[in-house]
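See structure below.
Order as written gives the chain letters A, B, C, D and E; numbering starts at 1 within each chain.
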Amino acid sequence: MNQPVPLVEMRNISKHFGGLQALTDACLDLYPGEVVGVLGHNGAGKSTLMKILAGAQTASSGEILINGDVADIQDPNDARAYGIETIYQELALCGNLDAPSNLFMGRELHKWGFLRKREMRREAAEALSKLNIRIKSLETDVEMMSGGQRQSISISRAVHFDAKIIIMDEPTAALGMEESKKVVDLIQDLKEHGIGILWISHDIHDVYNFTDRIVIFHGGKNVMTARTKDFTQDEIVSMIISGTPVKKEAAV
Amino acid sequence: MTMFEKIRTYPLTWIVVVALVLAFALTMASPYFLTSGNINNLLKQVSIVAILAAGQSMVIITGGIDLSVGSVLALSAVTIGWLIQADVHPLIATFCGLAMGTLCGFINGFIITRGRIAPFIVTLGMLGIARGMALVITGGVSYQILEPLFLTIGNSKFLGLPIPIYFVIVTYFVIHIVMHYRVFGQHIYAIGGEERVARLQGIKVDREKLKVYTISGFLAALAAVVMVGRLAATPPSVAQGIELQAIAAVIIGGISFTGGRGLVLTALVGALIMAMITNGLNILGISSFWQQVLIGVVIIAAVWLDNLKSAARQ
Amino acid sequence: MPATAQDFSLSFIVKDMTNPYYWRMGEGAKRAAEELGIEMNFVSAATNGDIEGQIAVVETELVKSPDAIVLVPMNGTALIPKVMEANSLGIPVITADTRVDDGPGKVETFVGLDEEESFAGMAEWVVAQIGGAGEVAILEGFRGSSTAELRLNGMMRVFNSYPDVEVVASIAADWDQEKGLKAAEDILQAHPEVDAILGTNDLMAMGAVQAVQGAGMSDQIIVVGDDAIPSALASMRAGGGLNATIDGNTDQVGYEAVMAAYRFVTEGVELDEWIVVPSSILEPADVTDEYLAARGIELD
Amino acid sequence: MTMFEKIRTYPLTWIVVVALVLAFALTMASPYFLTSGNINNLLKQVSIVAILAAGQSMVIITGGIDLSVGSVLALSAVTIGWLIQADVHPLIATFCGLAMGTLCGFINGFIITRGRIAPFIVTLGMLGIARGMALVITGGVSYQILEPLFLTIGNSKFLGLPIPIYFVIVTYFVIHIVMHYRVFGQHIYAIGGEERVARLQGIKVDREKLKVYTISGFLAALAAVVMVGRLAATPPSVAQGIELQAIAAVIIGGISFTGGRGLVLTALVGALIMAMITNGLNILGISSFWQQVLIGVVIIAAVWLDNLKSAARQ
Amino acid sequence: MNQPVPLVEMRNISKHFGGLQALTDACLDLYPGEVVGVLGHNGAGKSTLMKILAGAQTASSGEILINGDVADIQDPNDARAYGIETIYQELALCGNLDAPSNLFMGRELHKWGFLRKREMRREAAEALSKLNIRIKSLETDVEMMSGGQRQSISISRAVHFDAKIIIMDEPTAALGMEESKKVVDLIQDLKEHGIGILWISHDIHDVYNFTDRIVIFHGGKNVMTARTKDFTQDEIVSMIISGTPVKKEAAV
């Protein structure tokens, strides 16, 4: 078989927190230029799996391959080195800092260690304007912003730097319609640039229309991995809720 | 924001106003307060706590605390004294003293970050260790330091101002630049704001914290140099409990324990307020029994006054 | 220089007014000031050990340009620069109770007892009480203070000269009563055979008295202190507590120091290098009504 | 969760293990350590810090700090001493002493909640105020207290254990019940976890905090009663710096400065560890120079050992 | 006119944060047994208005009437006294406490001040089960829970006590489909009991189907208040985005 090498392959990832088993032999793969929807009920383990890929947590067992090679992701810096960017469900912003500071956190523009504040401000304004978000003053601390404004900053940050893999954990949960639309457009745009996207969402409609494949989890276990269009929306919904795969001839 | 609004919400504004109110009250109360001699005294007296407060404020902005500064100061001072006693060149002795303080700060930072132990505990441990080492090195003896280098630092003036205040100015200038114009400073605010987030965003939290504690140790040693100049001696028991003064200066300035916020320069004003209180009470000749009471009252009052700014903002 | 007493001003700077020891010195100083009809500022740092605090106090007093300064330096070396500063301002300095080290600072005279000798005397007294042989323990003052060092040296010199006397423990209790109590309790555990505990001040000694009483060993162990503070005297008078204390006559130190300063400034006489104030060992029998009356202390 | 898992993750388990390790090491090092006489000593010596640590841990769980406990203890003690000296009945004097401490705590809480001033500043102010008042009241004099009531507290035993330890047991019993079985305790944890949320959910944050500081003041006064018993005197300079010991006991126990977490009982073990270190070093006759160094090292090591539990949990 | 008295009437509420004007003369009313959808772009001021009603913030100017009487709401306790319960967008949970503790926070069940832990646990389990949420152990601290689990706790809390007015600020943002469905059912149920509900959401579909009236904000100002069915979904979307009311004869 002459399949291309997957950008990411997560194999048999298990994770337990003390006595609680959050993930059991979870598997997932992602190819370049592909949008994969990660689905599942609340508490299914989606965010946990994504955090493991992002280096925010470490798996109890299992392995991760990036471009076909085993990758050792111990912390967020390792993940970044592999070109993985993440929009965390909890947003991961420093409330005490303003939007540009959050956007460039850990990757500040500088000259000999001196911050280039003006450039960062300009670039941040530009990046945010792409999402159509109205932020009255870029100097406001993020903790004073509305839920949607904060989410936009988090999204802008993930897409601003050249990533190869972007993890989006419910990126549009707090966004308005117009803003959500922008994010979906953005996803299409990134996809065209060959970036692989893992997209967690509870909005089955968006997922159905804009993902190439879906992975469904239930209670920390894989239920099904398939091309999105192989199933109807209702079938997908039923799999998410019941946790048992719908039998199909066309299933991959 | 209007210009007025900007000034009004700038963190330095109110605390400076508080300091001026206090200075005015003391000037009314005693004819000696606003004499050039006393202002010189005040500048000398504030210098040591001010230098410590600069380091402490960085530490507090990361969300930590450094209780060891007084002991580290003493250890650096006796290192200098002991080497000079042993006929080492005073510059080399000074260098070694600075290195000693820096090392203590580094050890603090190392244990805090590697051992994942609360800064309070580690620096409390170092408080004992450094003080004990100072006593062990000297056998409890205070060396007399009559080197011109230190006598100059302690007793001379430059452009009409006592030398120690230049140490303060340089310290605050550098720390201000570092905190507000350099990537490192930006990282310190991020860590203090939400350490978990800083880590997720790829900031090398441990490395940056290590640096902060090391700087605090270095500044304690720098304060030791000023101290040796002022005392012309290196008593190992020096600077006991000074950490509380340094911390109080930081908090009075308006930097909060929760971390992630505040302007280092306010710590300087905080230190000045503390020094003015003691100096003022000394000048007024108030019995040291009542002094303690009044210092307590004035500290609370100063912060209360400073808090009015937030009330005004609402 | 002022010719009359009315505009003569004096600054009397002690270590720590919260300690009854310096309180009593102040009483003597005030008595002298009243007799002379001069103005006196009796001041101190907030706590003993706060060297910078005392330096700040000296600096402040110098701003007021007094005619003379009496200083009880918290540390023998660290106050030298302030003595020099006074010298340069032409303000004469007299030290009392504790010396400043020899050096560039010019001190007109030192008024006080000989700490080392007083404690050597106390050590001799203890050795005599225990019959020339036995175990003794010492509660030291604040390590690094010159007073603590002199007192320790005086005792060790004597004890070392008696081969049958062993110093089994020497613990710094920082002049503090509770720390003295804890240290003494621990000494009694590790060395139940100890014959005497010497506190280098009365607060620590009173802590030791409590420890000894708590262990029910009052009959076997001698406890001695120094300073003759009121509660120590009360304990001696009640009996079964403290066995002896050194009366350093600190009120006389204060008195003599003020007198010396006044004489030096107004009469311009050269002072002796050391105005010695004698000390004595007080035993319970010495704490008579007359003694207490003379000290102005009421005990009930 | 299995039984083993439960025991392993219970906050007390590891710190008790650490204490046992330390006790074992000291028993090996000195034959005097594990004698009944010395255990009695240890129990007496730990009592004061332990009582203070109970109050301090409540304060720290709310996310605050109480630096004033040592001074409040002294003020309560001299109040008792002064009244007894004035021939007031010892029980009434004791009551007044307790009232004084409680009042100081109340004032702390009142200023913190009404003035919205950082607990560090307010209690630092109170540290000066209470100490100063203690000195003003007594003129610096220490009263001797030979009342049988206090002599009994200080020197007697009941069922083979020294009386002060019963104060400790009752204190921790009550505080444990309050913190884990009463609505008030639940509120304290909520406030420490996220004060803003507690407020939004209708908890009377200010009132609850006021109570906590008042309790801390009361416990400082209770510790004063034990102190008066132990010293048979009321020196106004007593218990200087003891606040750091009480705080260290709390933190060693594993209660964190961030608030909202921890078991008050661990503070008792923390206090015991601190007391064992000093007691052990005194017994071993280690020079007081090295003592400070060793205390520092052992504090850090104890917390590091305790931290291994989280490593084990991962 | 014989109109019933509104449960809540907010009149000319303005709010500025420093220089930033978040609300300008915002008005809103709510009748018993009514579900009012509060709509607007991100940063329109919806949450701010709700926080003012909940007592979490105070208005710069304007007045609030409850049952026709002027109400002075200075803090959350005042709001509670009027029977107002709130699901905050930021959830307002104490991460260091478990689900029952959060559910009963400030209203713990007790006997003479002693907590009735067992009862609280039981009631909490019951309340959460209504939302169909899977929480493996009720003893887990809330900060260890998934986004959806946390949101469920916040919802359960608001509906568990007898409220007259419930504010729901994007209550289903983090919920799965099934769980969202439960919340919508719950809203219908509460409505039948005569409770007034203010519902902020960006899900125009749900809002359209399950609200009686809508209020649209734009940049802190009212755009339109109307019966939901007087407009089409598309018209509503266009008003949210443009901020200008669509002209209609039928407008209220």
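The rule is simple: a contact is a pair of C-beta atoms (placed from the backbone, for glycine too) under 8 Å apart; a residue touches a chain by one contact, two chains touch by 3 or more.
Since this is a predicted model, take the numbers as computed values, not measurements.
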Notebook entry, point to check: Which chains make contact with chain C and with chain E at once?
Noted result: B, D
Check: Under the touch criterion given at the top, what is the topological distance in steps from chain A to chain E?
Finding: 1
Notebook entry, point to check: If you tally contacting C-beta pairs, which pair wins, C-D or D-E?
Noted result: C-D
Margin query: If you average the CA coordinates per chain, which chain's centre is most distant from that of chain A?
Written below: C
Notebook entry, point to check: Among the chains, which one keeps its Cα centre farthest from the Cα centre of chain B?
Noted result: E
Next item on the list: Could you put a whole-Å number on the gap between the CA centroids of chain A and chain C?
Entry: 74
Next item on the list: Could you tell me the distance, in whole angstrom, between the mean C-alpha positions of chain B and chain C?
Entry: 33
Margin query: Just the number, please: Cα centre separation of chain A and chain B in whole Å.
Written below: 45
Checklist line | Rounded Å distance between chain B and chain E, as computed from the means of their C-alpha atoms | finding: 49
Next item on the list: Can you tell me which residues of chain E touch two or more of the remaining chains?
Entry: 19
Notebook entry, point to check: Of all residues in chain D, which are in touch with two or more distinct other chains?
Noted result: 135, 140, 288-289, 291
Next item on the list: Identify all positions of chain C at which a residue touches two or more other chains, and write them in rising order.
Entry: 17-18, 47, 143
Check: Where do chains touch, given as pairs?
Finding: A-B, A-D, A-E, B-C, B-D, B-E, C-D, D-E
Checklist line | In the complex, chain D residues that touch chain B | finding: 67, 111, 115-118, 120-122, 124-129, 131-133, 135-136, 140, 241, 244, 247-248, 251-252, 256-257, 288-297, 299-300, 303-304, 307, 310
Check: Tell me, which parts of chain A touch chain B in their complex?
Finding: 54, 56, 75-77, 80, 86, 88, 92-97, 101, 105-108, 110, 113-115
Margin query: Per the contact definition, I'd like the list of chain A residues that touch chain E in the complex.
Written below: 17, 19-20, 40-43, 47, 89-90, 133-137, 140, 144-149, 152, 170, 173-180, 202, 204, 219, 237, 240-241
Note to self: Applying the document's contact rule, which stretches of chain C touch chain D when the two form their complex?
What the structure shows: 17-20, 23, 47, 140, 143, 168-169, 171-172, 176-178, 181-183, 185-190, 192, 203, 206-207, 210, 213-215, 229-231, 234-235, 238
Checklist line | Interfacial residue positions of chain D with respect to chain E in the complex | finding: 181-184, 186-187, 189-190, 192-194, 196-204, 260-261
